[in-house]
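The data blocks that follow each hold one structure.
Here subunit A shows up in two complexes: once beside subunit B, once beside subunit C.
Now for the complex of A and B:
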């Protein structure tokens, strides 16, 4: 998000999901789309099969989409910036860039040119393992198609170089003029049903709703007036990973967690539980007794999504109304009511009758949501922001005619290696992710019978050559060890994974892979890297 | 039996479907044919999204840790304890000692009031959620 905000002026998907149908070329990097975003993957598959769209997949693993791809670039883990710079190198050398777009709509082009000049196909092949013919072919497909889309997910952002990776994607799109038109742009896929909305609403340490900065006195004044207070804090707060570190140090004494399970979802899990145990007060509000709730001093039982009304914003910025289907389960309360009660009891009364009244307030203080009112949502399939007034139809694709920040800003980045690379002691790279049958920490999906039948336990996916070397077969138990922890997992031999790389998921708290992962942080976006070096031995 | 249009609780695609209710319980899912994202289809998770709602493991009462023991409590007791402790920690260590973790699973309205509470009631910007994970 930080990377796209810096280059384009807005951190969200530039296009709507329906526009995927008419793209001519897809460049999918760091997204296992069929598993994580199945309904978006099916659009890509349809466009490739029925409309002969070209598909380039850049992923170390032979993911399902790669089997359908025009071209699969198996670049090495963490070598994304080098690969993207290599593509730009070829494009500039061949004269495939969009000179008019660069001149009229962007700035800082010269420094980019200087940096990518150093990424010759030979050097890129050395860093990434992608040969120069494939690099050239990929550059040609992406640059020459009229409507090209870059699609990425956590495979791009969860690196110490995550912001660099995102900026490099943005650079590539601007270089070829592939942004600001229908079915043409840069599309980060968000992993949770309301991760876009939680960001939009200012559940972030540096902004109020609508990405309005807490350090801007004029903005603070607007919120002070609406909220009837006069001393809002003018300094950005701590990010999640910083909060955990501060709790470990004893600087954070109370943590109120609502609908999250950091003990399982966060890297270096033992560090997380150690930090949470030091708190004077841990409040956890959830629908199930999660691993995090087990550590809490107070657990507050919340109503589920079906038991309340409210709006969610999907990955394409579409704000939709979800209606109440059943009464809250006996003993539970909707999250918004719990918050209002606590706020009132600490001396800041909140007296909303319903989420509709809260949405009214959001409309008043959030310019991009000003026209997304309850009465309009009630009779529609939703509205995509920015939607500045009640007559505005919403915005399907961003940056038409000009970027949200005015000119698009090229920001040339250099390749840096991952925080932890394999060595003699820990010779494998561990990648973590999800499978299509489970979701995140499994709090919900592990209680669904058919999903448990299909994907009942954690496995370690491994290439057959590595398996042979380690003398293990499908189902053998191995000890996987990193500098932070050790876990015993059954082996699953897979042909789609390269040698010296292993894959596992974080759905299973009884085998919490995040006890092994690393919390090395991207310095800008503060996103942890997760993937790390491990050793594997037979037990 | 009634059918209510809801947004799927899982990934970011934003599919909608009709949640089927029978005698106060969620019992099934019907895709929405006209919905611009789902267009009448759903993934394997969406089709079964009703199943976890009425599971017996759902939390039904606030709980409080008393020494080493965790016991059920009334809402009034839980509200009272949380608000008293938050106030006393703020008084003793300042608002910087408080932190709030919101959720990518909750509604916009809930995220908004949660961040409003952190900022207006406790005067801290220590609020985040798992967008980075």
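Now for the complex of A and C:
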């Protein structure tokens, strides 16, 4: 998000989901789309098959989309910036860039040119493992198609170079003029149904709703007036990973966690538990007693989506109304009511009647949500922001005619290697991810028998050659060890994974893969890398 | 032959609701048309096509079937009286097909049959297709029924022409809200039927698809290619009026346990996976093939009739365009 905000001025999908149907070329990097965003993947597949759209997949694994791809670039783990710079190198060398777009709509082009000049196909091949011809072909497909889309997900953001990766995607799109038109743009696929909404509402350390900075006095004034207070804090807060570190150091005394299970979802899980145990007060608000809630001093039982009304904002910036289906069970309350109660008890009375009244306030203080009112949502399938007034139809694609920040800013990045690369002691790279049947730490999906039946336990996916070398077969138990922990997992032999790379999921708290992963963070977005070096032995 | 004025439908249903639970299509939040107990939504006269078929009332999404505690075990049977008003002919036909399956001598299903026995069925024939995805005629059916219902109603504008199809149906027509019809109604009825027979433009070609499957023209590649898009949500199965796969599990209850069953789907890998880990239907393509071959091939062998009634619900529901209509169209390209 930080990467796109810096280059384009807005950290969200530039296009809407329906526009995938008409793209001419897709460049999918760091997204196992069929597993994680199957509805979008289905559109990509249809566009490729029925409209002969070209598909480039950049992924170390032979994911399902790779089988349908025009071209599959199996670049090495963590070499994304080098690959993207390599593509730009070829595009500039061949003169496939969009000169007019660069001149009229962007700035800082010269520094980019200087950086990508260093990424010759030979050097890129060395870093990424992608050969010269494939690099050229990919550059040509992406640059020459009229409507090209870049699609990415956590596969490129969860790296120490996560922000660099995103900026490089933005650079590539601007270089070729592939942003600001229908079916043309840069599309980060969000990992949860409302993660876009949470960010939009300012559930970030540095902004109010609608990405309005807490350091801007004019913006603070708007919120001070709305809330009837003075002197709102003008400093950005801490990110999640920073909070955990601060808790461990003793700098944070109390933590209030809502709908999150960091003991299982965050890297270096033992470190997370250790840090949380040091707190004077841990409050966890969730619909189930999660692993994190078990460590809490106070647990606040919240109502589920079916027991409350409100809105969700999905990956295409579409705000949709969610209606209450049943009354809250067993003494639970909707999150908003819990927050109002707590706020009132600590001295700031909050007296909203309903989520509708809260949405009214959002409309008043959030320019991009100003026109997304309850009465409009009630009669529609939702509205995509920016939607500045009640007559505005919502926005299908962003940055038409001009970028949200005015001119698009090229931000040239250099390749940096991953934090922890395999060595003699830990010769494998462990990557983590999800399967389609389980959601995150499984607090909800693992309670559903049919989903649990589809994906009942954690496995370690491994290439057959590695399996032969380790003398293990499907189902053999192996010990996976990193510098932070050890876990015993059954092997699942897969053809779609490269040698020396293993894959597992973080859904299973009884086999918490995050006890092994690394908490090396991206310096800008503070997103952790997760991937790490491991050793594997038969047990 | 009798008449039921449309303005009398609600009073009639309300009266019936005093002695048996009445279900009919009602709108919830102006968004969803559901077959639910009278009063739980808004009845607007427009029967339409409900998102989930009436199957849910004879074969609920989840039901308790056995309770056990210590030595005692008891069957849980629901034999409450229900009146279902506004069933579509295709749904009724689906129930008839399901009856045959659930009544097979060796494995009669008491939970289904008890509900079925106490159910009064009032079908409303479709004078025009309730949606673009309807294809009952192409599927070998008709937008009205010849038999197998208690009462069938035909829409004539201000009123329905009512025909009894059983003794129970004759009883219903004795209700005060049903008025004596006139001789011209007979003509009108034929007129409506004839119009209804020609009312559907949606003709995916089910008969030909059946032949193609019989000739084994659809190979593994064909199904795998389609399955690339299948997201394995099971939606097509759940909304299908003839799908009856279920999963069984026990949950603790009052010091004992209750055995429940819930809808399941043959599209899920776990449905056919064996304890050893081996799966006779190992790929999504093989499971998709299984589902459609069951309806369009094996049902014909076992029961002499296809298991697809052409209601189009799977095509309405599938988020990636892989309902029966699309599958039939793809088969016809072979």
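Assume the second predicted complex is superposed on the first by the 539 of 539 C-alpha atoms of A that agree within 3 Å, B and C clash if a C-alpha of one lies under 4 Å from a C-alpha of the other, contacts with A are read in each partner's own complex, and residues count from 1 in each chain.
Just so it is clear, a contact is a pair of C-beta atoms (placed from the backbone, for glycine too) under 8 Å apart; a residue touches a chain by one contact, two chains touch by 3 or more.
Because the structure is predicted, anything quoted here is derived from the model rather than measured.
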item	value
First (subunit B), second (subunit C), both or neither touched by A:453	second
Partner chain(s) touched by A:335 [first = subunit B, second = subunit C, both, neither]	first
First, second, both or neither for A:464, with subunit B first and subunit C second	neither
Residues of subunit A touched, compared between subunit B and subunit C (which is higher)	B
Partner chain in contact with A:64 - subunit B first, subunit C second, else both or neither	second
First (subunit B), second (subunit C), both or neither touched by A:120	neither
First (subunit B), second (subunit C), both or neither touched by A:436	both
Touched partner set for A:475, first subunit B, second subunit C, both or neither	second
First, second, both or neither for A:45, with subunit B first and subunit C second	second
Doubly contacted residues of subunit A, that is, touched by subunit B and again by subunit C	38-39, 42, 323, 436, 449-450, 454
Touching residues (chain side subunit B, partner subunit A) in the complex	2, 4-16, 19, 21, 24-26, 34-38, 41-45, 48, 50-55, 57-65, 70, 73, 75, 78-83, 85-87, 89, 93, 95-117, 119-133
Residue numbers on subunit C that touch subunit A, as the complex places them	29, 228-229, 231-232, 247, 249, 262, 264, 268-270, 273, 277, 319-321
Touching residues (chain side subunit A, partner subunit C) in the complex	34, 38-39, 41-42, 45-46, 64, 68, 323, 436, 449-450, 453-454, 475
